[in-house]
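Think of it as A, B, C, D, E and F in the order they're written, each chain with its own count starting at 1.
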Amino acid sequence: MILSYALYFAFACFGLAVLMNLWKIITSEGVGDRVLALDTMVVNSIAILVLAGIQEGTEVFFEATMIIAMLGFVSTVAYARFMLRGNIIE
Amino acid sequence: MSLFLIAALPFLGAVFPALLIRAGRNACASAAGAVTLLALIGVLVNAPRVMAGGVVTAQIDWLPQLGMNLHFFMDGLGMFFATLILGIGLLIIIYARYYLSREDPMGQFYAYLLLFQGAMVGIVLSDNILLLVVFWELTSLSSFLLIGYWKHLPAGRQGARMALAVTGAGGLALIGGMLVLGNIAGTYSLSEILDQKELIQSSPLYLTALILILLGCFTKSAQFPFHFWLPHAMAAPTPVSAYLHSATMVKAGLFLMARLWPVLAGTDAWFYIVSTTGLVTMVLGAVIALFKDDLKALLAFSTVSHLGLITLLLGLGTQAGALAAVFHILNHATFKAALFMSAGIIDHETHTRDIKRLGGLRTLMPVTFVIATIASLSMAGIPPLNGFLSKEMMLEEISHTTWLDSHWFFPVLATIGALFSAAYSFRFIGHVFLGPVRDDYPSKPHDPGVGMWISPAFLVLLVIAIGLFPEAVAGNLVRTVTDAVMGEYGDYYPLKIWHGVTPALYMSGIAVVGGLILLALHRPLDKGWIATPRPEAKTIFDGLVGALTRACRGITDTLHDGAIGRYAAIFIVFVLVLGGYAFTTGAMGPQTRPMLEIEVLPAIGWFGLVAATLCIVAFHRNRLLSLVLIGVVGLVVTMLFNYFSAPDLALTQLSVEVVTIVLMLLALNFMPKTTPRESSVGRRTRDVLISVAAGLGVGGLIFAIMTRGFAFDTISEFHLANSYKGGGGDNVVNVILVDFRGFDTFGEIIVLGIAAIVIYAITEAIMQTSVRARLLNRVPDQPVAGDAHPLMMVVVTRLMMPVALMVAAYIFFRGHNLPGGGFIAGLIAAIAIIMQYMASGFGWAAARQHFPYHGIIGSGVLVAAVTGLGAWFNGMPFLTSAFGYIHPPGLEEFEWATAALFDLGVFLAVVGAVLLALESLSRYAWNPNIDSRHPMDINPSRDDNGRVIRKD
Amino acid sequence: MGEIGDILTAIFLVVGGCFGLVGSFGLIKLRDPMSRLHAPTKATTLGVGGVLIASLIHSFVLEGYVSVHELLITLFLFLTAPVTALFLAKAHIHRHSEEEVLPSPGKDTCWAVLDERTSRQIIDEAEYGQDE
Amino acid sequence: MSHWIVLPIVLPALLAPFFLMVIRHHLDLQRIFSVAGVLVLNGITLALLNHAMSGEVSVYELGDWPAPFGIVLVLDRLSALMIVLTSQLALAVVLYAIWSGWDNRGRHFHPLLQFQIMGVSGAFMTGDAFNLFVFFEVLLIASYGLMIHGGGGTRLRAGVQYVAYNLIGSTLFLFALGTIYGVAGTLNMADLAVKAAEIPAEDTALLRIGAVLLLLVFSVKAAVLPLHFWLPASYSNAPAPVAAFFAIMTKVGAYSILRMFTLIFGPETPVAQGLAGEWLVYAALLTVAVGMIGTQGAAHVARMTAFITIGSTGTLMVAISLFTPEASAAAIYYLIHSTFATAMMFLVADMIIERRGDSISQRRPMQHGGVIAALFFGAAVAMAGMPPLSGFIGKLLVLDAAWDAPDVVLIWSVVLITSLIAIIGLARAGSLVFWKAFDTGSGRGDVDEDTARREGVVFPTDAPRLPFVPVFGLFAVLIALTVFAGPVMRFAEDTADQLYTPQLYIDAVLKGPGS
Amino acid sequence: MSLFRRFFPHPLLTVLLTLVWLMLVNRFSWNSVIFGFLLGVFIPFVIRPYWPNNPRISSPLKVARYIGVVIYDIFVANVTVAYQILFMRVDALQPAWISVPLRLRTPEAITTLAATITLTPGTVSCDLSSEGHNLLVHCLHAPDPDAVIQEIIDRYESRLMEIFE
Amino acid sequence: MELLFASAIGVLTACGIYLILRQRTFPVILGLSLLSYAVNLFLFATGRLSVGAPPILQYGVETYTDPLPQALVLTAIVISFGMTAVIVMIALSAYLSENDDRIDMDNPSEPAKDDA
């Protein structure tokens, strides 16, 4: 019981967090800020997936969570490298 | 001799001159002549049977399904024309041997000529109207080649094209007409059609067929208003003019009218169309001919006129008319061919055909003079030459023909025609041969060798012989032919010179006298003629063709202007319209599936997706930003896939998206970073409308599908039921991919592999052009930060890459039972390596890379294919999988499956493809001077004070 | 046992949720771009960390064995977050170098991202030998 | 018999990676293996055709999964014919590419061509709608690579357009397949045929959308107006042997329409009423018109060839759009003709362009001008549908089959009038290209050679003779097609009969290969 | 290069990877250990060229202590920063750049330090100096920047010096 | 939920098509990417939406979502990835060759010249 309330609370928190990230992505000025917001959103999505795993009692999201954790990093680095040097592989 | 052989001989023979030209001009001509002679003999061998009223046939089925067959028959008409074609052909071949100069490619000439000859023989012997059409069009094609034979003459090229355009158009009409005729009659067999007069003439389509067929005949036979091409065809060498444009090809139209006479003639439509056209053509041609100064033009228009005359006769629809027509075809062929050859001789000797520059040749070229004069007199209708006979018959027939209740219209016009005919014939004699000898001929003329005049001389002998002894020489022939034309045995008077004093004789007399008067008045008349404005056919034709070309080019270039935006818009609108049509003309039942309740998290996802997508459009000019937003879309889609029970898709979507973004960023580096605002408000409005319509359509469609159940059980129930049992895996998606639908996956990895090698190939091609130098000297379009390979990134990558490879291995091995599989594993492995490339640079990483990516792709595809082939050894089809369980001592049992091997192929292909693509793209940025000795730029543990120094 | 597990799980969920939210809130609230960069660290560390611990406890309580998946995800996040932050910070300094007043880089010439010598692409071949 | 069916797909699929892995850097070896592979392929496909001639529909269940759950390959007369065409064309193209040196102007010609062969063969053989999509993509992506083989700015930009347009087409294909699966719950074509016939009358709208989208996708491939816009730029910019091989690509679209709209959405199927017949014939007629008009309007040899290709496919589509056994038989005959004639035209065009440049109006004599002129004449006669070559026979067959169609007057008028335009256009082009160079007034083209030299264009003075062999080969095929029109047409009629007796196909697939 | 180093270029990595495999599989079995170990040997062998040097790590005990310190700091810093974000006015925050002089020299050590700084909320390591002797750190709220520098040096760098060098 | 899903697909399609109709290669490629998202979701949705029923066989679980569309989408994603890579590369190369990234061709009637 308490667990499901806590789950809903956590869902709400991270849902809200994702909405804030979205808001930031849409309204920010520069690309850098948007990448930052996107990166935060990736992290929050990971949390949501873990929450979903707890709720459903399944491990089926594990692979996705892991891949998101790994690959969100790659794309963020790629965007940042592009801003820094234009060429992301040199 | 078989009709097949007769028809085939010229075609087969066409090869010889082309080949024998190296053996010399005589050999070449002899070969052509021999073939023709052989074919002529073949016809003549059959002549007795035909003259006795028999019909020679030969049949092979060619395309019986259509009713187009190689059926030949030779009755009187066919034999008559075949003899004419081959006989005159033989004479022309002899003549041409001496006429053509050394520079002319004689082999080509005879080859074309024989092709044409074969086509003509084919026309006249065809017992199948579709076969006839084939030969008919072949004459157009071969005459195109013959007219354009002197390719250095613009007139020749243009004349050839004009002739082809006009006769080609007629030919197409003829195709239509023949198809209609055949469909009315229910057969394309000519002899069967000829028996069905009532059926055909009572058909509502009779007039259609008639008009279409006559269009073919009239264009070919240069009938008004299609007569204009014939004079322009005179740019051809004279033997061609003599052969095609007097004796044979132009008579094909007449032949066809005569051939179809039994079923088409006899109606009012026939009479009015054919005879009126013939009459107008006859008069018009004669009038124009009088004022032509070019010998060949004069003869050409005279031919037009005479063709009109014969058309007129055929149009009458009477037996006597037909007889006269047949007789005149024969006569005209003899005297006109002789005249053309004479004109050719004159041209050959004096180097001019301009009548105004000639005159007085009588003494210089006596032989030619005699030949030309006799032929001309025959053409003028002077007794006792053959021209007179047939013209008398014509006038006789005309004199009692009523046209729209008018008794005088035909006779008067016919007399005028005859009168002008006499006039230009006299002019040919008078202005060329008579008068004083001039001293300003372009070349000093004399009679040519016997080779050149023997042919016309022979023809002139025929002119005289037929004129003097018509019944003996041609009586039987003309009657047999006429019988064939009529399709029944007729009752004829014998041919004779003297018929007593008839209206025709008066008309003849008027014509001859009037002709002399006209000739006397030629100079003032000519001035008047020149001063009279009249439409110039060539100008009109050129204008029309020019307009057609411009219009075509305009249409084409406007329609295909390279604006792919418009192409795509048309595409999408068309799809929407047809999709809407298909929907509205079908029926849709009510919603049958309850909808899922809307929950908060997916709603947030929806919001994120929609917002990010709209932002992409709003900010699409900032390209980097739109890529970041694509990242958002990708993330949300991944989450949605997770939410809606598709973990495999989530994995795939995410990893593909990362690679895509890396790829796009690599490309964007070299491209403009912003998109200019280019489209007008109107265009943007249009695009928004199209897009919104498409969005509504697609959204509505999927909504309708989702809210309705399947109409039938889906096949995936089988997949769920058999995934473990038959495929050995719990992850049904993966089992579908590697087993149930492994063939799709096989294709898919090939797509990926091809994509990579295409990218590689483009890079190779581009790097061999000037682009390479440009790239090397490229100045970055934005400020570049220092520290290309940050220390932290390198160190983290050293840990992340092996761990990521481990994850890839895990995803690979567990994919059969849990989300994952070779494809995702391949992408993750590739991304792990990309990480390394990003960390330490292309040069450093590539120098440590020992596997050729091409090989990895190839091995992937091969492994997959060979795994698939392995099933053959079990006697199973391609890609049949097998699996089992191994129980090593002391350990748990584990599963093996050939599907895993197949998946390994997938894995390798994906790794190879992604890396080859990225490596290729990276090569654009590669510079031999970039330092690739160190994995990181700053390294305080290095003794060089830690830093890679770069300078220009 | 289950009760305690649930409560522990719930606590970590609430903690994680709060910190995750605070991180993203910071992203909106903070005005200085460099300060905003601090926000995801929260979401990463204690936000997701809390949730992961919750998941770990939950699976242990529910399934009766230790699920270490969560540790792996934590490992990835802790490995990657600093690099992400580093790059974003570098990008910020690079794009706003004229606005920022950076401290002295000690006895070194400058900060790496502003190093004009390494921003060029071409190097002098002869300067260094091979190392490593 | 059984395993033979999959070989036309697997053989090139094995050869191509072999090229990539083992003999990537050895063009000579690639050439040898490429030719050998295509020769073997010819043997296989001919054997398969021989087998299919009996009228039996053979089924190959990939992975040993029964239809409709797995993917099947189906060999009937039509698919056998199509793979024979593919392999024969491939032979000519490979030889031409080798002897003309085209395969050496970029990377990976041979593997890409093998993949292209594989994709085309797969598209012809597969009995599964989604698998058809996959093979479409295989053949398309290989074609992208082949199209830009050799590079060059204009060609690349034409390539972008080609790819972009086809990507929209591929997307549409997926929408169509999704819709069809979403309604019928199956992807197997025979199974779909059963279900399309059984779909309740009050629930047809969605399946109809799927069907019409599918038709549109195939129409894109067949270059039916107004979905043909991808063709002119890509065909006229593609390397000649590639363009020649693309002759079979438009046929993939035509084939798919013929297959799907006789088998699944046949003229008798209630759910498909008014989908194809209503508009396709007009679109096809417009295609003929635009193609022939473009032929007359083109200023360049390659572009003219591209447009006459459109005209030719348009004629084919006219026949297909009638959806009667007679018309389909005519279509099959015309399809064979069109494939070879188009390929020949492109190769001849390449010989012209290689020797004197692309512009029709420039005056420049060329090496081997006489032979090329003769070949051009032959190809033009074939393409324009003039007697005596197969183009004429095909056109007659089409016209004759249209006799009972409601739009017979329109069809005849358009086909015949546009033929005239094509004849005029081809005659103009031919006389300018081959004759004008000898113009006495023009100084025999010196001016243009100067221009050419200024532009840095170098035309070979010792052009190779071997490329003539495949061109003559194609010409010989056309002549054979003419001479043996009767037997060929008999086969075409049998094929059409098989198409219009879809139950044979359905039974063979759904009852398994043993039945 | 010894035979051992040849096949086990990074023994620690092999251990780590084996552990990672077990974490991935999430269920202990000898099959998994053996398979994970095989992969753990194979993968470092394959990627050997990309990690040419081999960092030395002295004492596992010290590593564990270091990790403990960092986790504790993360908790504390999280609360602090959450307070700052939630309850401090934006203009009351005093962000600051600080330059941390480095005694650490090995890339792995520097990276660990920088990562630690970033992972503890309130500070982000932003850049290295051009020769790698200073670390640029941004603080969210640092009224006394020098204290932060000193804390970093004392709490983290000195420990890392012991571990790595 | 179906409404949200369908509308998202609609928005992706609309935006994708709008971008496809732009005049530069880059937005067109973006548009094609969006369109491929749309079609992937479309294809996926033809299996009908369901929550918490992934097609991974588990003991005792009876309901699974339709796995077939997922497999098809997987294939489609891969293929469209390959296609995207190729068009990106061709577009980039065309831009590098001609220094112009407009997607329209000025003189479509002008033929290609061989650089190689």
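Convention: a contact is a pair of C-beta atoms (placed from the backbone, for glycine too) under 8 Å apart; a residue touches a chain by one contact, two chains touch by 3 or more.
Note that the coordinates shown come from a computational prediction; the quantities given were computed from them, not determined experimentally.
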**Minimum number of chain-to-chain touching steps separating subunit D from subunit E** = 2
**Chain separated most widely from subunit B, comparing mean CA positions** = E
**Complete:** Computed over C-alpha atoms, the centroid farthest from that of subunit D is that of chain E
**Asked** What whole-Å value do you get for the distance between subunit A and subunit B if each is reduced to the mean of its CA atoms?
**Response** 60
**Asked** Once you find the CA centre of subunit C and the CA centre of subunit D, what distance in Å lies between them?
**Response** 56
**Whole-Å separation of chain centres (CA-atom averages), subunit A against subunit F** = 23
**Request:** Could you give the separation in Å between the centres of subunit B and subunit D, each centre being the mean of its C-alpha atoms?
**Result:** 15
**Request:** Could you check subunit E for residues that touch two or more other chains and list them?
**Result:** 20, 24, 26, 52, 111, 114-115, 125, 127-128, 130-133
**Message:** Where in subunit A do residues touch two or more of the other chains?
**Reply:** 11-12, 18, 35, 59-60, 62, 66, 70, 72-73, 77, 81, 83-84, 90
**Message:** Residues touching two or more other chains, restricted to subunit C: which are they?
**Reply:** 18, 25, 37, 39, 44, 67, 69, 72, 75-76, 79-83, 86-87, 90-92, 94, 110, 112-113, 115, 117-118, 121, 132
**Item:** List of subunit C residues in touch with subunit E within their complex
**Value:** 18-19, 22, 25-26, 29-32, 34-35, 37-39, 41-42, 44-46, 49, 65, 67-69, 71-72, 75, 78-79, 81-83, 85-86, 89-90, 92-93, 100-113, 115, 117-118, 132
**Request:** Within their complex, state which residues of subunit F touch subunit D.
**Result:** 20, 25, 28, 32, 35-36, 38-40, 42-43, 45-46, 68-69, 72, 75-76, 79-80, 82-83, 86-87, 90-91, 93-94, 97-98, 103, 105, 108-116
**Item:** Interface residues, subunit B side, partner subunit A - complex
**Value:** 600-601, 604, 607-608, 611-612, 615, 622, 624-625, 627-629, 631-632, 635, 638-639, 642-643, 647, 650-651, 654-655, 657-658, 661-662, 665-666, 668-669, 780-782, 784-785, 788, 793, 800, 804, 807, 811, 818-820, 824, 828, 831, 834-835, 837-838, 841-843, 918, 922, 925-926, 930
**Request:** Can you check the complex and tell me which residues of subunit B touch subunit E?
**Result:** 786-787, 790-792, 794-799, 801-803, 805-807, 809-810, 836, 840, 845, 848, 890-892, 894, 935-936, 938-941, 945-947
**Request:** Please give the residue numbers of subunit E that touch subunit C in the complex, ascending.
**Result:** 20, 22-24, 26-27, 52-53, 74-75, 78, 81-82, 85-86, 90, 93, 95, 97-99, 101, 111, 114-115, 117-134, 136, 138, 140
